[in-house]
């Protein structure tokens, strides 16, 4: 009953999003929606490893960047864009498998610092190997349409959210959460912690790689190093935390809140908007553990308790 | 001297103590015995301020300990040796002892106190500049007790001083504890070696599941069947 | 070939000392309170700007203005601790590391933005009358400014070491690092120790920032890079050992310089990070650490 | 013979935590493993469940050598455990906690619907049916212990290892727990129960093994153990006065 | 605990309130642009046929809109801050005469320049370029400073089909991508890398020439192109490259490179650092005691802060800036006078070419007689323009045919030292050792 309702809501939202380009003709607004969708993909894919499996990964941009660079090169070489994106995703998986075993030897803060360093290594290496800007060829520029990009971002975001939902509600998802909550207990029940972490990493990497591919298709000119920038990781992490890690809706809400708030702040506060944003973020971390989803849950719990105590009163 | 009245203490969300009341009079040696997880350590930690009871009162020498910040409790003359001693392994024996006299009251007289401690534990003087981590188990326990003595306590609380020690050392440690008590320091002892604890103590409390279930003089309890049954049934 | 290499290694040591100094502050804070303060690099930047403006506006020599920088950073540290970090101390270790990390990101966003707006994105550096001066020793050049910087780093480190080893307060800090519960039983106010360690860490970052502004240059976005370097050095040297951390910084500096010399400047950053990852995986307690390093 | 342990050894540094311990458990038994603090009970348990690798010795379980197998394979072998300091999945609901046991243990099912139904009935058994949707972190110690028991049961073990299940429970709660354990045995599961005090399990165990300083000092029925002078010395200590 | 939570809640509520109350405002500010755009366009379209009736012209737009995304802060900020005044003064001078005469409207229309600071971030530059296009009826873009910034911006101009005039980038590669709307009246890498050897061979007798060359390049677009060309050209003119070092931009530690140059006995330095790297490089050179007899340092010393921050260490370096205020062309005096008024010194190196961009545009619009961007583009491509940097024509790839003067820092000032007919001072060679300054 409840599941059906959320399914219907999801369907309606998807349909609405698909219809957006019919009504929105302004490029700047559409670009803006593209960014939200991109961030939904990034934050949701980060959340699979960081939220559901509890491994705070600060090298997420590496996967995003790998997807972007592979897609861009293949696409320029004449490949079909979807095929190129798939290869981008697979490249991200290959890298995830490569680093998985050494990375998961590290625990807690060490994993976090280690992944941050890994991301930086890739960032610097790509900067060295591909120092030149990647500009769309003139003939592609002429045929450039934003609507195509919008639908691609929408598709990637849908795939990501769908994949996250499926995994979260599967046996694997249960295992991941068990690993996050209590690795010893999980292992004692037969959950292979390493396998689950690796699976989460691979899935997270693949989805981030796809998002990178969409970005490569979207951006007219950029330095190949740019998608590897730690900014992408930090932004996705912040979004997931603001919305609520370990939930499906959290990163989505976080991404929307993040992008919209940033835009609103930058329109109204001009140049000091990152400051206000930083303050807000700190407030969320300090006072809203569990992000917006956590807050929502607490409000619901309180109401529940009130209802229960009311019920008790009426049945003395 | 020390009086706990009806205290309830929680570990996070979990209640560990239910209405514990006990009293230690000046100069006494009191034992607190009970099985694993009964709440002995929790009781001591509630007194030192490491944990704060949710309910009840603790008074020491007329001070309400619940209103004293944890770092000032030592200054009042309450000192505790935690289970396993917990010496600062990376620091030298001397530094460990100095830290024992961190409180402002004890710091002024730390040199005299240290000489006094050396009399009780001559081994420590030999190892003065060695890192505490390199000491043997028995020496560590001595250091832990010596360190606690450095604060010039009126009440010394010991949590399982015999834990993990060879029997011969256990005897030695208990001798030293007895000696300290004779010097006029009141002692509250938590010990799993029930017989030794009861023989040493003037009085004892039996604690089970976070509640006091028995109280009496050491000898009385020793012969009291319920103590044996608390362990063996 | 040998002489240029030796010269190059000297420069590696000189910059390594700055890495070390920056990392010592971070390491101290992490060791005592388990706050992984990722806005450490931004604190360094603040220190750099403080010296720069004092030099530019009041014409006070940057080396002489270090006490002012220290006071400034102590104040900043005090405010940040009271407003923000003190709210995290009750959390369990893992959560504390994670949340301090996140809060740090927020702080670094704020500090970067404020610096950008106050002082523009331009690179700044301090050039004194004696910049460029150097002594020659056995055919090797020893640059004056960097030598003084090295000396100041060493003095800062030794003062810290003396403070930690000889004073009661310093011992209290070390005791808290080892076992905060025991420390608390000694009558040590551990909250005060946390605060103290935090502000000392900030002050060290400030000193490092001053030296960076003299030897290199500063700009509002420099923070992340220095935070990362500090974290690398902190792990490299091993947690809990100040001297180890400092030596770790020098090792990183020399590694980078040697890489630039033998392979090329493009790879210096990567070589340092790779060294870090290798050590993290095979010796997580660091080169000089003794404790098991999984906390 | 379900479990046969021979010459099991484990040392930490110089300390022999488990020293040449032999014992065995028959199918359908409830065996108690007791001893004072630091006697090696929990180490033994950790060796049996793969949390520690033995230095030497053999552990035959159900006709298979399992010494040194990875800990996540133990559940598949048919051994489940609870923890001395309870380790529930705090931010998951009770039913999710149990489902993890059901979907990963022995006879693990991929069918989440089925797993959920089974989990409800297991929660019913331990008396937590009404708390199925409560997060583990909002539960009392007693409830957490029951939850951990339910989780282990959901893994359908042949041998269930209970580590100080009774610690911290009051008399009434302990009695309830003993009743539950008897029911579990009745359903055909063999149980090894580790306890600090003999009393807690004397009415329960068919046989009791006593450890001290890493060595086995006695074995027998509860009555035999209670009056064994070696055991009394172990527990109450020799006189030191 | 509860109260703290409450406080946070209140703050969040306030912010979300602020967000919601501001959101409609944001739409409002955008709304006029949307509604007015057709309003201004509509008359133009409907009245267009009226042109056939003589003497009636469509109402002229209020301004000829020029847009620029320019780095005023960050790595390229020192360049942007020299370029922007050039644009502004040129606009001011042209508007002082009523603007540009456009035949289509039979009236003079003033110019209006809208610019954004892109903070030396190429991605920001891209978004600023798009914003300029969507928020204003642009006639042309004026570029910012620095090759990588241009490389990011130009595709946007091309996509939007708006003429783009940019200076302060020597990157040649951009011109080979087939962009039709790009024009740059500025010397390019092929000119610079050839001219330096030509000038040295003309100015210095054989035997005294600094034939051992050290090249400190960057691992980026321009660095690689420039370094490659130097390697190619040096042997042709009798020079040997003894050290070739590459660093990523912003790694301001050149110790290893300097060491190698010193060890190899290099006599000449060719490099193109951004400001912080350049100043770090010269401080280290002084410390290590390596003084090249001749240094060509493109980019870093182009701003006045080079002299201010380096003092004697920064003396004697030479630059190919594209222009100098001593150049003897028409209009230079007027520019210098105005610049002096505003900034207390004669026009800076990049100010002239920037000024010229606006001159070229104004002349092209007047020739074209319309604000149609495609017509203007064609006019720029085919015409000859007379500016403060001399006569300018453009090649098919958008590069300009312009003079490439050499400048040297002497006594804290930049002196034009080549070509001889424009020179304000003779070239000082060899440069005295750092210790002896």
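We just call them A, B, C, D and E in the order they show up, numbering each chain from 1.
Going forward, contacts are C-beta pairs under 8 Å (C-beta built on N, C-alpha and C of every residue); 3 or more make two chains touch, one makes a residue touch a chain.
All figures in this text were calculated on a predicted structure; none of them were measured in a lab.
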| item | value |
| --- | --- |
| Starting at chain B, fewest touch steps before arriving at chain D | 1 |
| Neighbouring chains common to chain D and chain E, by label | A |
| Longest centre-to-centre distance from chain C, chain (CA-based) | D |
| Centroid comparison with chain B (C-alpha atoms), farthest chain | E |
| Rounded Å distance between chain A and chain D, as computed from the means of their C-alpha atoms | 41 |
| Computed distance of Cα centres, chain D from chain C, in Å | 49 |
| Touching two or more other chains - residue numbers and ranges from chain D | none |
| Contacts with 2+ other chains: residues of chain A | 124, 128, 286 |
| Shared-contact residues (touching 2 or more other chains) in chain E | 219, 248 |
| Which chain pairs touch, all of them | A-C, A-D, A-E, B-C, B-D, C-E |
| Complex contacts: residues of chain E adjacent to chain C | 72-75, 77-78, 119-120, 219, 245-248, 251-257, 259-260, 262-263, 275-276, 279-280, 282-284, 286-289, 309-311, 313, 434 |
| List of chain A residues in touch with chain C within their complex | 56, 102, 105-110, 112-114, 116-118, 120-121, 124-125, 128, 230, 234, 237-238, 241, 271-275, 277-279, 281-282, 285-286 |
| List of chain E residues in touch with chain A within their complex | 4-5, 7-9, 11-12, 15, 18-19, 22-23, 25-26, 29, 34, 122-123, 126, 130-131, 134, 148, 151-152, 154-156, 158-159, 173, 177-180, 218-221, 223-224, 248 |
| Contacting residues of chain C [partner chain E, same complex] | 1, 3-4, 7-8, 11, 15, 116, 120-123, 125, 127, 131-134, 136, 141, 143-146, 216-217, 219, 256-257, 260-261, 264-266, 268-269 |
| Chain B to chain C touching residues, read off their complex | 48-50, 69-75, 79-80, 82, 86-91, 95, 98-100, 102-103, 107, 147, 151 |
